[in-house]
Amino acid sequence: MNTFGTRLKFTSFGESHGMAIGCVIDGMPAGVKFDEEFLQKELDKRKPGKNTFSTPRKESDRAQILSGVFEGFTTAAPIAIVIFNENAHSKDYENIKDLFRPAHADFTYFHKFGIRDYRGGGRSSARESAARVAAGAVAAMLLKEFEIEVQSGIFSVGAINSKLDSAEFDFDFAQKSEIFCLDPKLEEEFKQEILKAKKAKDSVGAGVYTRVKNAFAGLGEVLYDKLDSKLAHALMGINAVKAVEIGSGIKASQMKGSQNNDLMKDNVFLSNHSGGILGGISNGNLIETKTYFKPTPSIFLAQQTQNIAGENVLCELKGRHDPCVGVRGSVVATAMVRLVIADSLLLNASSKLEYLKKIYKLF
Amino acid sequence: MNTFGTRLKFTSFGESHGMAIGCVIDGMPAGVKFDEEFLQKELDKRKPGKNTFSTPRKESDRAQILSGVFEGFTTAAPIAIVIFNENAHSKDYENIKDLFRPAHADFTYFHKFGIRDYRGGGRSSARESAARVAAGAVAAMLLKEFEIEVQSGIFSVGAINSKLDSAEFDFDFAQKSEIFCLDPKLEEEFKQEILKAKKAKDSVGAGVYTRVKNAFAGLGEVLYDKLDSKLAHALMGINAVKAVEIGSGIKASQMKGSQNNDLMKDNVFLSNHSGGILGGISNGNLIETKTYFKPTPSIFLAQQTQNIAGENVLCELKGRHDPCVGVRGSVVATAMVRLVIADSLLLNASSKLEYLKKIYKLF
Amino acid sequence: MNTFGTRLKFTSFGESHGMAIGCVIDGMPAGVKFDEEFLQKELDKRKPGKNTFSTPRKESDRAQILSGVFEGFTTAAPIAIVIFNENAHSKDYENIKDLFRPAHADFTYFHKFGIRDYRGGGRSSARESAARVAAGAVAAMLLKEFEIEVQSGIFSVGAINSKLDSAEFDFDFAQKSEIFCLDPKLEEEFKQEILKAKKAKDSVGAGVYTRVKNAFAGLGEVLYDKLDSKLAHALMGINAVKAVEIGSGIKASQMKGSQNNDLMKDNVFLSNHSGGILGGISNGNLIETKTYFKPTPSIFLAQQTQNIAGENVLCELKGRHDPCVGVRGSVVATAMVRLVIADSLLLNASSKLEYLKKIYKLF
Amino acid sequence: MNTFGTRLKFTSFGESHGMAIGCVIDGMPAGVKFDEEFLQKELDKRKPGKNTFSTPRKESDRAQILSGVFEGFTTAAPIAIVIFNENAHSKDYENIKDLFRPAHADFTYFHKFGIRDYRGGGRSSARESAARVAAGAVAAMLLKEFEIEVQSGIFSVGAINSKLDSAEFDFDFAQKSEIFCLDPKLEEEFKQEILKAKKAKDSVGAGVYTRVKNAFAGLGEVLYDKLDSKLAHALMGINAVKAVEIGSGIKASQMKGSQNNDLMKDNVFLSNHSGGILGGISNGNLIETKTYFKPTPSIFLAQQTQNIAGENVLCELKGRHDPCVGVRGSVVATAMVRLVIADSLLLNASSKLEYLKKIYKLF
């Protein structure tokens, strides 16, 4: 299904080499200030072709708002955003028309649907993520009303891992860094690792850290729409993601309870191993997640594979690809987390009678 | 929300110390053989009080099927299963009525709802998971018709981690192991680690590996109900889970594309770093996940915390708790994966016209 | 599917001759006063065997609350209600095991599922509606907090139709009437019509009028979950319903715009042809619907039909059936409308930023 | 919410005077022949400005397919269709900016959202229905593969009602009739009634009959997504609809069981009072519904109303409006029924194990 979210729903459409990609965001409350400039800025972060660390394909990714906004505010009508594709190189894909690119969705889509749009990877292309970033930007407009902020950055590239504690990550630096690096000391090493892979016609993986500042306590719906469940669902669903951690993640499983439990004193949590989520609901602390991206499947080295007829063939890709998909993936991680938090904020509005009485003036 | 799934829906209800817990499974196709003995056997795996490695609370967990089954087969009507609670010790919870147990949902539930059932943790209690195991067993009855099998086991306890490759895990051994251990060489060390924590009035975390054998290619719905997304959602939603990996997980992010891509030759995948899922859809390979449990929050050491009035207090728990919640959690992991795979199997039935024509006899 | 509702979800389970019927209501906000006495009273209204105008089958319909209520208030956890079946006469159904009762779901269920529980009509039995009435009573507890009230009554039986305008219907009378009659002058005629049909081993249809008092303006979600859509969905879904009207209904189609438009003056609507709903959203006026029940399919006259083998056979029913299913159906209409209004009330909580700011104290 | 459907989902977006209207259809199985010419033809049926019986506003309603179709077949990716608005006369709405047009959604939208797009009625405008017609046309492409056909026509205008039995309605005639009239003898009277109302600056209501030919038995999901429920939901949700009947509708409530029950003999139903639906599931017979449209709210007579400030004012509309919205509404009725039937067809694919085994080749 192509719809994500429960109360704030996001439906995307469009293929990499089709006419356009876009999305419909449904459920935004009326009266939220709509910042089109901010939306475009977020899309630009994700845009390909900006530097040597991402794919050379150039798109301007200009968003057109088709509906749902009136005199600068949301109307509660669905917000449709369309981005017309400009720079599709279909002929780059001609030679791989009938074969299954390794580690791509070609094989699975073909088996599931019997049809696939081979050009540019169709729906499985990372270009579709522009729609997610647009939707995430809209969600951010709602979060902004409550000073809730979502930020992401890179903390590992390949086997190079930052030793910093998450509290030490430098988000100001990441904002200016071409690869959104959170550890200033490692930026050069990260860049070299990516260029090395690129030069070798290969690719490399990365780790993305995302945090949510100022989230209220109480977000998340028990038991099967818990906040951590929805975050995991959203993040694991990003192209190329293979692991998700909340708070201390895997390290938590290696600890004792006496070490892992976050104690409270004087209205403050003394630690945050939980990553801001307890029992699936936010506790008011910083929400912290880590998302791990595998290396870009599309590499330029020749690879052993098969084609539709079942014959063994060699796959030699052309086209323009990210050597490290996790870098731009961090922008998508931010977008997805924005959508989840905004959705939870809306759902939480009906969780207790006290809230309903405030709204309906009977308190 | 308390409903999980898209086509195969599972709604659970009941509190730890209420009269009963149970579930309603809706969407099972008619005509599936219903194996009540198997259902009870699965519940027994999860049952507390069986050995010294889990909580001493004794429950017989006898399931009663209230509807949806007729002459041994599913009718497509919703299947309601109820398990009456027998052994609730409410007075164990009297002394913690007004305080927030560290790392529990007490704090967040109180903030979200303004009311909480303090006895036994109410809805956040692990006992609710009996409902999930029951539902998972029903899903397994459908999977069995297609020889699809889901299995789980423990591969790490605390800081002790198996060095075996997942292909070497011993599931026969795990079936008989009291702690579902997948690495025979480590069973004794694992047990000692758990008992050590228990003796110290503490708890310890664990890692669970789950695999799906014989899953077809084609399962998973693009783009926002991908198989890996749904698995992450389901697994991260289990009590105490803090990280989920698919296939090579975090290791994938440390590799190069040339290392991580699974190549194909002679109709076989030469590796399985993807964990059986590409582009969010199964590729016919073994589906592999890892789920990481934090240590049980409930420990018997005194812990610093606060109460409802905002005062600093000491939390000294009574009651009966698992020293390592990941052990019985592995049974829940199996259940949740069963539900996801079965759901995907149903949804996939309408993915191509060819399928519909087979059903409606016009092919 | 067996789940109804968007934010306030209601899942029912159970068969007519199975062990029990019941429901799970999920989404009730925490803090609502739970009135168990009221719940039981509502069930008693619907109960069979009370008088000569309904089926002689006797059930006490005692509801057991399994979860979701704590110290007399809702906790936001799902509320499970179970009603154990007492008085099932399975042998009444032995002789019709293999044939399709005319106008029943036997034929369609058999074709859809290949299996059916012939005893008592399985899931299609009107007894399942006890679950709906229970859920509707819970929804009413929320509505009560806002003084919103839903009431139903009978305005037509067979071809006998009340001439009163809806504003003249007597609800106090209907409360005491054995057949919930809204027109005191017609009660005796209605009763005679039902008894006449019963005596002739036949059955007769009826028309139910339902109104909602004190509903706020603003309920209903555009565009595909409009209030009138949801009401139509809910009412048409009641066993034996064949038509639904909102406000002036069919009469509206026979009018001119100048006659049908409800004008406003001095903050009051000068008429209510819209039935309280404009553009799918409530306008604060009385919400009015009419639901039309076909005559009970189960009659004791011999009827021509076929059996599973395709042979022409005669259907001669035994058992105990309502001669006019619309009478007790009016209680179900009230229940379904309660669920829809309550659901809309919850959804509306996130429709504008102003509401969210009130809740989150930033206004 | 702006999404309709369970498995086949349809999300619409766009405002009457915004840049464009459109929709996303998600869930179409792969491999269905996509007929763009047919789609455009269906839109042309609904197009305004074609004759004197509808609004003079002229739009070409040219649909652009943005995604989901590849080499003439559906790919299972979402199908996005956009129709750019050409002929918006915003200044026609300037004078009514602050008042509530009688019988329009202005009042309710304003109360619900605090914001409304006054130009052309925003989201409540009938122009949005072009999106529904487009989506319905796509659904029809799936139905066509199974020879299932949905048709609609007018059987009443104002108080003039056809006396024909539904079996006598002339669909060939309706296809060519400017007002889709089903009763050749009444076409001239109907037209005169509409012109009379138009001349009087007024409007008039209408009744639409819709039938589904060749639907299989077995469509519809018990208990809360029954076919009749979904049809009622869909039809009642069309702008200006105030009543929906299935089969004999209200007449059924006036009959005896012995008259209303459809008997079976020699594998044929001897009547069709049920309208093709029993127990909420189709029985293979012709599916028949009637949808009743109130007269167009927008009339040119001066009407008493109020404005945002609560003052009594006179509403004098300009603009271009249908004198009988039911005429073009019949095209929308066809579209909505197509969507419901197609959705049910997809859902039914997983109703019994036998179907799944056919698909997965294990029968």
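Labels for the chains are A, B, C and D, by order of writing; each one numbers its residues from 1.
Note that contacts are C-beta pairs under 8 Å (C-beta built on N, C-alpha and C of every residue); 3 or more make two chains touch, one makes a residue touch a chain.
Quick caveat: nothing in here was measured; it's all calculated off a predicted structure.
Novice: Weigh A-B against B-D on C-beta contact pairs and write down the one with more.
Specialist: If we tally the C-beta pairs in contact for A-B and B-D, the bigger total goes to A-B.
Novice: Based on mean C-alpha positions, I'd like to know which chain lies farthest from chain B.
Specialist: Farthest chain from chain B, going by C-alpha centroids: D.
Novice: Round to the nearest whole Å and give the separation of the Cα centres of chain A and chain B.
Specialist: 26
Novice: Centroid from C-alpha atoms only, then distance chain B to chain C, rounded to Å. What do you get?
Specialist: So the centroids are 38 Å from each other.
Novice: Averaging over Cα atoms per chain, report the distance between chain B and chain D in Å.
Specialist: Here chain B and chain D have centroids separated by 44 Å.
Novice: Going through chain C residue by residue, note those that touch at least 2 other chains and give them in order.
Specialist: Only 1-3, 12, 27, 30-31, 76-77, 112-115, 123, 222, 351-352, 354 qualify.
Novice: Could you list, by residue number, the parts of chain A that touch chain B in their complex?
Specialist: Residues 1-4, 6, 12, 100, 102-105, 107-109, 111-115, 123-124, 128, 156, 158-159, 197, 200, 202-207, 217-226, 228-237, 239, 241-250, 252-267, 270, 273-275, 277-284, 292-299, 301, 303-306, 310, 312, 326, 348, 351-352, 354.
Novice: What does chain C use to touch chain B in their complex?
Specialist: Those in contact with chain B are residues 1-3, 9, 11-15, 18-22, 24, 26-27, 30-31, 64, 66-68, 70, 73-80, 82, 112-117, 122-123.
Novice: Going by the contact rule set out above, which residues of chain D touch chain B in the complex?
Specialist: 7, 27, 29-32, 76-77, 142, 145-146, 216, 222, 345-347, 349-360, 362
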